[in-house]
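You will see two complexes here that share chain A, one where it goes with chain B and one where it goes with chain C.
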Partner chain A sequence: MFVLRRLSSALPTLFAVSLLVFLFVDLIPGDPAQILAGPTASNEEIESIRKFLGLNEPLLSRYGQFLRGIFDPSVATSFRTHRPVVVELAERLPNTLIVSIGGLAIGVVLGTLAGIVCAMRPGGIADALITVLTLAGISMPIYWLGLLCIWYFAVNLGWLPAAGASTPMHFVLPILVIATRPAAMFSRLVATSLTESMGRDYLDTARAKGLSETRVVLFHALRNSLIAAVSVAGVQFGGMLGGSVVTETVFGIPGVGRLLVDAVSRADYPVIQYAILMFAVFFVAINLVTDLLTQWLDPRTRDQERLA
Partner chain B sequence: MRNLRQTCCNAALLVGLSALAGQAQAQPAGVLRVAVGADPATFDPAFNDLPVGNAVDLAVLEGLFRLDPQNNVEKSLASESSFSPDGKIFTVKIKSGKKFSNGDPLNAEAVAASFNRMLDEKTGSIYRGLYASLGTIKAVGEDTVEFHLSEPNGHILMLLASTAASIVNVKSVKEMGAEYGRKPVGSGPYKVDRYVGGEGFKLVPNPTYAGDYPATLKSIDFIVVPEDGSRMALLETGAADIVERVPPESMAAINALKDAKVVNPPSMFSINMEMVLRGPLADAKVRKALNMAVDRDGIAKGILGGLGTPSVGMVGPGTQDELRKTFPPIAFDPDGAKKLLAEAGYKPGQLSLSFTCPTGRYIKDVQVCQALAGSFENIGIKATPLVVDRGTWSKVIGMEPTARTDNMGMVGRATAGMDYTLYRLFFTGVGANRTGYANPRVDALLKEGRAATDPAKQKQIYGEVQEIVWNDQPFLFLWYQTQAIGVANRVQGFAVQPNETLVFDKVTLK
Partner chain C sequence: MSLAQDMAAVPERAESTTAKPNPAWTLLRRILVQPKGAVGLTLVVLYLVLAVIGPALAPQDAFRQNFAQTLRPPSAAHWFGTDQLGRDVFSRILIGARATLGIGVGGVTVAFLIGVPLGILAAWRRGWIEAVLMRAIDVMLSFPDIVFALAVVAILGANTQNVIIAVGVVSIPVFARTARAVTLSVLAEPYIEGSVALGASPARVIMRHVLPNISGTLLTLSTLLFASTLLSASGLGFLGLGTQPPFPEWGTMLGDSRSYIRSHPYLATFPGLFLAVSALAFNLLGDALRTIYDPTSRRAARRLPMLNFLRRRTAASAPPAAGLAAAPAGPDAPVVAVEGLHLAFRTGEGLLEVVRGVDLTICAGRTLAIVGESGSGKSTLLRAIGTLANPQEVAITAGTVAIGGEPALGLPAAAVRDLRRRKIGIVFQDAASALNPVLTVGAQLAEAVRAGSRLGPQAVRQRCIALLRDVNIADPERRLEMYPHQFSGGMKQRIVIAIALAQNPELLLADEPTSALDVTIQQQILVLLREIQRKRGMAILLVTHDLNLVARFADDVAVMYAGRLVESGAIATVLEQPLHPYTQALRASAPGAGEGRGQPLRSIPGEPPLVGQLPSGCAFRPRCPRSANRAECAAQEPPERMVASRQVACVFAEEALS
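Here is the complex of A and B:
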């Protein structure tokens, strides 16, 4: 029921996004026909390409065409490749998801472990070291870290390939680089909320039951700390999809982010519009999943739902 | 007796072995790995506008004519060609027995179909306008194609030799739709075997190829890596044999490698500030002063890291060298420039100019614009560089001169042929003439030159046009780009055309 209600409330959001995406892309400076025709083209040649691309149609009918493309992918084709945009996206999406989900998963695991270590021994050497690394992880721009890693692991040590996506080994470096951001965020988050809940009464109750300290931390304290973390993970995942624009360019991974960059520089409107719309759908889905997870982790939110 | 038999045996063995060796040499061998910076998106010659796509089309498709590594026209599918006496019909005889890689015959009908497809409005080709002068194309019998030109055109060979005029298998285009852009069916020495969007693609020998440039490599593997640093890393780690577009700052590092070097072939890309010939820039003295104010050598060495040569003519090297004329470089003379400005009636600080520059379209474009602003300030001009994104830039430089609010725009020109370049840029009122240049003498010459089929006459006509343009200075002439490609030492026989097309005709690996 809750899922259905949330889904139906997402529809207006998506409709607004579709309108915004369409209008904003239309406002991008530069005429796709002129960019395709090149700087030496004459006005008549540009006009003929414009006509071919359907850019002379009134705004409303082009928007209608854009909406139609969502249900009938064969009418939504790229200006450059003439293939349906959905085919272009489907081809690139797996790579983007592998890197984002892999990076998030590894980051969450590493970050949580680091957070637990910090919370259990606050002020220790491990805590200090992790705090420094965390700060570095949050502050370092991904593209810079990526280039440094390519230089060290690929050029200097020769362990991993520098760029591309043809073998699983190609994904190791980008996933690890991507993982730094969520790892850093999570270690801070988990450490803070664990330290906060460590002094709570219910943990004393658990200890009084005779549970080991590890069990107390992992099954009682951590579960409560994760509630905030889940929401952050959702936001992080969304951020990663957006960040794929940078990572995929640095590591030469053919993902949706790179497709989007190429499309923007060549004014390939349909690809830009549908790619952004797809990202918007992902954001809505992620938010939904985050809410569901929070409800599962925190029974209080469920009660509130029932009351409301 | 036994000895004799043994000798015979040995001899036979030797002959056999050497025969084998001979065969092994002719067989394609080795895998060439090429890292390129731009994702080609499509190999369909009707839509491709990237050098990477040109390189693939040159290897996978064949045209009636083709360009050699110096941009000289040579025959490809054509065996002979001639103009009708009135210059209105151009007849090409094609080599017989040619086949597309899928076995379809490549005859006169297929050639005509390929051209007519490009010229069909419904195809939406970005080259339809450029090739419109070909008129209608008819197949006569099995091996003769007639171009019924819409106007006499003495430069048709230049048009036909471009990869944009490669012959596509129209039947396959119909069957495959947009997929044809990824796996074009042609008659060239290679064919596309695998294409992963944005990641790379692989060329393998075309077994049905019959021609002068049989495949020498077992495969050519392309990988697309847009980030310069990452692409260079591929050459440094030995994961690529050829890397496109070495940035100036990486040249020394690549040259220091044991197994690779940077090659610097010339490029026909001619980068200039194209002036809007209105207001102050309508005055030839001001234009001359601007041209004298710029230290081209300093820009080429200091900013472009050597990847540029100061201009000595409007068109770049490789633009029909037989017709090209060069002039002494314009001297860097700020004092002379100041004097000229004073003669034109401008006191220091009285003249202000703005100019539009793209970001990341040409090597170091933004830095050059800042340097130019400095040069203009130096002779007492208030200069405002307008550095904009590519979309805005393409819009500004595509505007009618009367609609422009700036005074100049940085544009690079690299176009097929003298006629095409000069006619489009300098004929009065032509759609692509964005400076507003108008010179009746030039108009007359360009008209005459277009119809002229005699090379000697063309040379004389275009020599004069180039001289007039060079002296009129409708542009602030800057530099010709120099290419920089990282090539591993094991690569032999690699060449690059001045239009930045990689040529794999004779590449072998050590």
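Here is the complex of A and C:
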């Protein structure tokens, strides 16, 4: 079964990922406790930090502790706030997910519409405009676009709040800004795949039935782009989760990305480890789901599965 | 990291660069002919110059703080204003170019130098090296790239050198994966296998054959990755984890400006602008390179110049053909009446005439076969008659088409749909591509049934089942739920026919309906079409190159050569005693026609003429055994005339009679 095979190939990856994240502290050149304690610290202070980080125990039992920390909030606590890392992450995860999923959804819708326009009227004004916007969308640093939007919509026009996450209005600007990238990617993808399938005979079969061009494009041509679209959407979703590191800083959203950046600048190693582990687990899960969806959406591969 | 998938999916085949006099110049020329390539390359060169000589150009000391002049707006003294410490922003941007672009160059170089050899090694040695590498790549790609870069910075500490390492390490898997994929595809080429078999050393094969062939893909990838690396690295700078103060870097400058966005927005303007345009420049250049090296990026290559839409719109809105009113009408009219039809391909250089004045009629219950070599324009003609010629590719320059007595050209979209619905059914050569692979057969059939009538779901289903029965498909109830790939080629063609018949068309267009099938199935499909035609009395227009099929199946035949009908008439008349030398040659070259047992098949000497490069006078003249350089043949295109009860376009047609 494909599902089982795919799952069993994801597990070793997850194991390697957890090992890599665990070894993170050991990869730091020098003594992490010494770094954390600062140059003026006494030996006792360093020793207590070593103890807090569990650096004195053997490697294997430390790895066990590390894995236990995923489920047991009391094991892993933030070095700075002394709160359980899992709690810190769980508090912030909803904000990150709202922005990422919202941005992805809006980007996919806008990009698909733009791609359809491009493919149905190649060489037209709209096509030229969308092509330029797409290139701009791919090249635009999100953090600069974010700053410009804050300045224009929040400061200048005063329509939306500039930073924070206390009301739904706070999410509008970040969602719209990060939607630019998936919108650009989707408009390219849809335009390319539609243009490619425009010459296919089955579209002419559909046209000969007397269907409207809109139905031919939406029902027949676009349907075939769906499979490619799912994997691109997966990649984009993963990219947005990673990008939250930057966007949440720009818009002052208390999310996981912001937490990770703060942890890196304050050398809060437990938080860094678990935050990165969480991102990686999300990534692996997204890849897994898109693979399974792609497999399932294509009747040809679906059948091979059933036969195998 | 979607790039990795994009690029790996398209192993390109660059042509051998050694054949050309100077590959670098050729590449440069091919970049510059594309607008995006020209703009991108110019900007990239400007940026690289800026990175090299920028610090020397800086008008002021970029590090000197001046607390009397903080946060000043742009002015003559400070073109881009001053920052929170009173430093000149213009000078800082010029100096920052080196750090910003340097990080990008450094990161891509690190990734290239580690990733590409690893990828080639994996493709060359295969086995456990490849397995380990691919697994490692999987693990690395399990981290979002900027998060991975953050982790590297967290381990090593934030400074310029570590940012280079961080963004470089992140891109290693992308390079390794692409290099492996393209190397594998090159190594699978027969000539490489040949030189390996001849004992060429691995180093020689890689240097001589692999590297030249994968360099284009890698160049494209590097350019595109440069843009994303630049943005990631500056993102780290923006977070305060990149180049450390007081050294200027555009991302860091943007990060600093964040606190002043309310009061001093221009602080963010200039570093952001420089950063965005540099990423745009590399993306443009990368796109141009991709168009050159990746033959599958057809969209870019096929796109017409931007201003063409103006021309096209006027062409489309112009009256399509003269004399629409003259189209024959009325109940007794033939099902198809084509008069003086001219079709042309739209190309970058203008219109290329492919059908040059075709007249034909088909009556109900009759089958007309159009025969000709590939490239003679017969398929284009068929699609134009079926109102299915793509207006972006094919222009109808003159003539009329009437179907069932109604004009079929120059109609508004709704009328065209109505005409297709009521009168036209179409069957293509390749049934596999004529059916939508992701929809069930039932859905595709039901769509056709519903388009023509207002039936309830149950009635639609009954009609679908009846249609499948009509085309002799057993167990139709079950087949409706199946997908096209679950059927054999002959069955697919039956389904395509069922779809074409769903709306009781008056005209069935069949474009080489059997040439993709094996002989026994061919026979079955033809018998089926015959049977259905007898029952329903529709007209069939059949396009084929198979003269034997025509003889068995059609009532009338029209022989097409270089966009014109050179001989047409009833099957018995034309095939018994062809008068046009091309028809004679076709018949002689058909298997089982002219040659005796054990003799080789005859072929027609010469090549069919290229569209748009016809000889003067008769188009068949250069290959014609009868012409023998007679002046009449070169003087003018021979008009069609009635000779021995068929239309023939040859000045010396009578010579075949004697």
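Here is the rule we use: the second predicted complex is superposed on the first by the 273 of 308 C-alpha atoms of A that agree within 3 Å, B and C clash if a C-alpha of one lies under 4 Å from a C-alpha of the other, contacts with A are read in each partner's own complex, and residues count from 1 in each chain.
Heads up, the rule we're going with is that contacts are C-beta pairs under 8 Å (C-beta built on N, C-alpha and C of every residue); 3 or more make two chains touch, one makes a residue touch a chain.
Predicted model, so just to flag it, every value in this text is computed and none were measured.
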Touched partner set for A:Ser48, first chain B, second chain C, both or neither: first
Partner chain in contact with A:Pro58 - chain B first, chain C second, else both or neither: neither
First, second, both or neither for A:Gly164, with chain B first and chain C second: first
Contacts of A:Thr249 with chain B and chain C, given as first, second, both or neither: both
Partner chain in contact with A:Ala267 - chain B first, chain C second, else both or neither: both
First, second, both or neither for A:Asp298, with chain B first and chain C second: second
Touching partner for A:Trp151 - first (chain B), second (chain C), both, neither: both
Which superposed partner A:Thr40 touches (first chain B, second chain C, both, neither): first
Shared contact residues on chain A - chain B and chain C: 28-29, 147, 150-151, 155, 162, 249-250, 261, 265, 267
For the chain A and chain C complex, residues of the former touching the latter: 12-14, 16-17, 20, 24, 27-29, 121-125, 127-128, 135-136, 138-144, 147-148, 150-151, 155, 162, 185, 191-192, 195-196, 198-202, 204-213, 219-220, 223-224, 226-227, 231-232, 235-236, 238-239, 241-243, 245-246, 249-250, 260-261, 263-265, 267, 272, 276, 279-280, 283-284, 287, 297-300, 303
Of all residues in chain A, those that touch chain B in their complex: 28-31, 34-46, 48-49, 52-53, 77-78, 80-84, 88, 91-92, 147, 150-151, 154-155, 158, 161-166, 249-255, 258-259, 261-262, 265-267
Chain A-facing residues of chain C, complex: 1-2, 5, 36, 135, 138-139, 141-147, 150-151, 153-156, 158, 227, 231, 234-235, 238-241, 251, 254-255, 257-258, 261-262, 265, 268, 271-272, 275-277, 279-280, 283-284, 287, 297-299, 302-306, 308-309, 312, 383, 386, 388, 390, 392, 413, 417-422, 424-426, 428, 430, 433-440, 444, 447-448, 451-452, 483, 485-486, 496, 499-500, 502-503
Of all residues in chain B, those that touch chain A in their complex: 35, 39, 41-42, 47, 49, 121-122, 124, 126, 128-130, 177-179, 181, 196-200, 223-227, 229-231, 233-234, 236-237, 239, 388-395, 397-398, 411-413, 415, 420-421, 424-425, 430-432
